[in-house]
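Before anything else, here's the structure in question.
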Amino acid sequence: MNLEYTSSEMMSVTAARALENGMTCFVGIGLPSEAANLARLTHAPDVVLIYESGTLQTKPDTLPLSIGDGELCESALTTVAVPEMFRYWLQGGKVSVGFLGTAQIDRFANLNTTLIGDYKAPKVRLPGGGGAPEIATNAGEVFITLKHSKRAFVKDVDFVTTLGFGRDGKGRDNVPNIGKGPTRVITDLCVMKPDPETKELVVVSLHPGVTREDVIDATGWEIRFAEQLESTPEPSENELTILRELKARTERAHAGE
Amino acid sequence: MAEFLSLHDAVARYVEDGATVAMEGFTHLIPFAAGHEVIRQKKRDLTLIRMTPDIIYDQMIGAGCAKKVIFSWGGNPGVGSLHRLRDAVEKGWPRQIEILEHSHAAMACAFEAGAAGLPLAVFRGYIGSELPSVNDQIKFIECPFTGERLAAVPSVRPDVSIIHAQRADRQGNVLVEGIVGVQKEAVLAAKHSIVTVEEIVDDLGATPNACVIPSWAISAVAVAEKGALPSYTHGYYGRSNRFYKEWDAIARDRDTFTQWLDDNVFNVAQHHAGEKA
Amino acid sequence: MAEFLSLHDAVARYVEDGATVAMEGFTHLIPFAAGHEVIRQKKRDLTLIRMTPDIIYDQMIGAGCAKKVIFSWGGNPGVGSLHRLRDAVEKGWPRQIEILEHSHAAMACAFEAGAAGLPLAVFRGYIGSELPSVNDQIKFIECPFTGERLAAVPSVRPDVSIIHAQRADRQGNVLVEGIVGVQKEAVLAAKHSIVTVEEIVDDLGATPNACVIPSWAISAVAVAEKGALPSYTHGYYGRSNRFYKEWDAIARDRDTFTQWLDDNVFNVAQHHAGEKA
Amino acid sequence: MNLEYTSSEMMSVTAARALENGMTCFVGIGLPSEAANLARLTHAPDVVLIYESGTLQTKPDTLPLSIGDGELCESALTTVAVPEMFRYWLQGGKVSVGFLGTAQIDRFANLNTTLIGDYKAPKVRLPGGGGAPEIATNAGEVFITLKHSKRAFVKDVDFVTTLGFGRDGKGRDNVPNIGKGPTRVITDLCVMKPDPETKELVVVSLHPGVTREDVIDATGWEIRFAEQLESTPEPSENELTILRELKARTERAHAGE
């Protein structure tokens, strides 16, 4: 195959492929939402999507701009109150995968969406935790997707908003009633997984046309590569068509009043 | 029983300077008309509680109403930062504000606990997060049955909660439908409550288990047609995603913001400034 | 995803001897057909949980299914005693059973906590009551913010919960409407769950915030037409208040009861013995 | 006036008169339910009735046999789940009056609905606590109604299922966030109120034709009478008519399938 596609499209398609029928996915806004709906519209029509606004098993035709666009409620099986969403559905153990984005991520997959700099005198104030701290610990496992850059991939996050594996990689050891945590990170360059022992993120697959140097240059720590480094399969024509249609529909919908 | 008041009178009576105020609406049914009325009445030193501050609190913070914000996610959803919130936190304009931040799970449980008349919420949260190191209102307790360590936060019990809903009947009973967020909890947790509605009807048309808040659990009902714009009201009108995107440019600059506030909030006779946005 | 099974197969698969079983329905939607199936399959040593044992548990206790009952109000509502429950507690017939009793508030909160995946429920309860002196599962904790003493009970987390509902769609999503009790909580709190329904339909016809339990949160769906009789199903058929009154005489006497059980449960081919009552 | 009425009717009418418009009443099944609905159908059309089955502001045309008859839901403003009922509406402080019946009551208005005899070897096993323990402490005040007899009115209840004022009358002293407790007890013979100091129940009003001796004979402790002992006003013709119609409608409804 010889299709033209962008690195963003490669990221979305790869992230989408992480989801399967039978999964119940708590979806973060932005890239995770794009990937989750692409999955639903392609190989995983029965994947169950949940948004923190209370919409259970929703099937939006366009991507929501916010976490609670009307489209999410109208296409949902039902919509529950937000306390119920966090108590019964997330904390109650009904979510198999939490799908998150982030501003900053470190080598142990800890996420920072709180601030850059010092808490008392922030250089940049970010939106905050939102649903992520408890999605990351109460979901069965966590997928993370974001663009690869040195600013985003840092050795140690400025602030652990959301637990990956802790500042030493042992943050989940001996903690009862906690999920597996991040099992894969999908970027526009590669796929990473935590080392089974140390929990440090390791590149397991490079996207087509991406070199090790590209990843090294975009990562703020000495990134390691798996011994059996794979090449991520290219997007199919069908995936690209559906992704592009979804984004075009979404753009038209958001441009209107 | 809820009293039917104008939005002006409801805000004048129940929102006092220095009060703790929760204006809720999880992306849906955000009480913008009421927020603008609070700005017009120049309420000051408010402690503003809201899971998702959104641009309604950006406007109130930029207008100088807030001294403290308690929240769990402060952004322009799907667009980016709340520039007025950031300007206040980072540069102290128009005044320094204090922030107290939680996760969504914590605040959702805290609203639930407030509605349930409890002093605290207990939940499985904040594991491995550094938020407890910057928020002294996050504690941990031990389950007396299993020994498990669980998070505890104080319940939310505002002086006044303000929400927007689809409609009220002539007795002041209110129907909330669609993404209902923590609105019912906000009303039940508060000492006083104001509900703005799109319309007053003879019959709510509610199904047996609909989210209906009885009149006797509400202080005041005020009509505010299109009172949620640029947010939306399920069954009435859609979200102005365009305005949410435009807000980014308006809010980036202090002068542009001040001009917007003059044109769309202060120099507007009626309550529904949001509608013109 | 829920599996569509016959009631026989659902009970055979998920209700094991010795299991902890919650069959819920707060006066409405009581799963009588399923209870009779449990009796027919001669399940033994069950720990039965239910806020209001009602005559369904009276029948199961009289049939010898139970070794323990956890409850908060054990009567024939509006009529009087549960004679089979009393006979078991007072005289040990057909076997001695253990009881653990709570208040409604405690059990409602315990179901809520079970659904929420927590080990305990915290609430303001049991003040001045002597129930804590006879139930060692009632403890008290201190609020770390206010110092208030609050009650704590273990959450309810049954091996299997069984409820009855109006209908399921062809994917196995279930609509519950009317007096919804703690049924959703019972299902979500349990390891396995069986939902009996009046019918399977193409479209649930649910409003946006209806009480719908998704198929993926249920183990098995079984059709049991009139499966709640002599209790009722809102929108389908009414409560047989007459049978509830007649039950008093049937249950007073061991022989009459045994005969009733033979005639209406054991020697009935189909599942809906209750319907004939 | 010279109407014929029974002592039961006198009790129901007197109990009904305790309720007023503006009250939010959590209604127990049986006598309290009869009185509460009589109030709603006569002088207090706007009294808000709540049943523990989750039915808020319900207006049944016939009396429910159980606490959750369909009529309660069909005539309610809305119906909530039972956990919500106990958490938001009762514990949340939205109930001004809890209206309870009981099997046994003592001089400090403690209620026993658990058992007669010893807990380990009960003489009679009663239904249990149900909603009463938390209605009695979380409602603003409590009204109690039951028939007067020596078996029911005992010096000390066999078991305190539900707090009145405790075994020594001090059970509510210094307890935070608790209601006033029982403020009146209405029987077929009289009305009793707790002494403001000792909290012991005192007869404040005798029903027409009832003597002090009648009450003394039907009470299991040395019952005291208020200095200003009143005579309970007789039922009106309107109250009796409406009560009898309500009971007739109810009987017809419960006799059918």
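Just so it is clear, A, B, C and D label the chains in written order, and each chain counts residues from 1 on its own.
Going forward, a residue touches a chain if its C-beta (ideal position, glycine included) is under 8 Å from a C-beta of that chain, and two chains touch if they have at least 3 such contacts.
The chain lineup, named per UniProt: B, C = CoA transferase subunit A.
As the structure is a prediction and not an experimental result, all values here were calculated from the model.
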item: Set of chains adjacent to chain B and to chain D; value: C
item: Comparison of C-D and A-C by number of C-beta pairs in contact, larger one; value: C-D
item: Distance from chain D to chain C - Cα centre to Cα centre, in angstrom; value: 28
item: Distance between chain centroids, defined by C-alpha means - chain B, chain C (Å); value: 39
item: Distance from the mean Cα position of chain D to that of chain A, given in whole angstrom; value: 57
item: Where chain B touches two or more other chains at once, by residue number; value: 112, 116-118, 123-124, 148, 178, 180, 184-185, 208-211, 234
item: Numbers and ranges of chain D residues touching at least 2 other chains; value: 73-74, 79-80, 87, 91, 138, 177
item: Chains grouped in pairs wherever the two touch, ordered by label; value: A-B, A-C, B-C, B-D, C-D
item: Chain D residues touching chain C - in the complex, by the definition given at the top; value: 29-30, 52-55, 64-70, 72-74, 79-83, 85-87, 90-91, 110, 114, 119, 122, 124-134, 137-138, 159-163, 166, 171-172, 175-178, 253-257
item: Of chain C, residues touching chain B in the complex; value: 116-120, 122-124, 137, 139, 141, 143-146, 148, 150, 152, 154, 177-178, 180, 207-211, 234
item: Residues of chain B that touch chain D when the two form their complex; value: 1, 112, 115-118, 173, 184-185, 188-189, 206, 208-212, 214, 216-217
item: Contact footprint of chain B on chain D as seen in their complex; value: 22, 24, 48, 56-57, 73-74, 76-80, 87-88, 91-94, 138, 177
item: Residues of chain B that touch chain A when the two form their complex; value: 26-28, 51-52, 71-75, 77-79, 81-82, 85-86, 89-90, 101-105, 108-109, 111-112, 123-131, 134, 148, 178-182, 184-185, 211, 232, 234, 238-242, 244-245
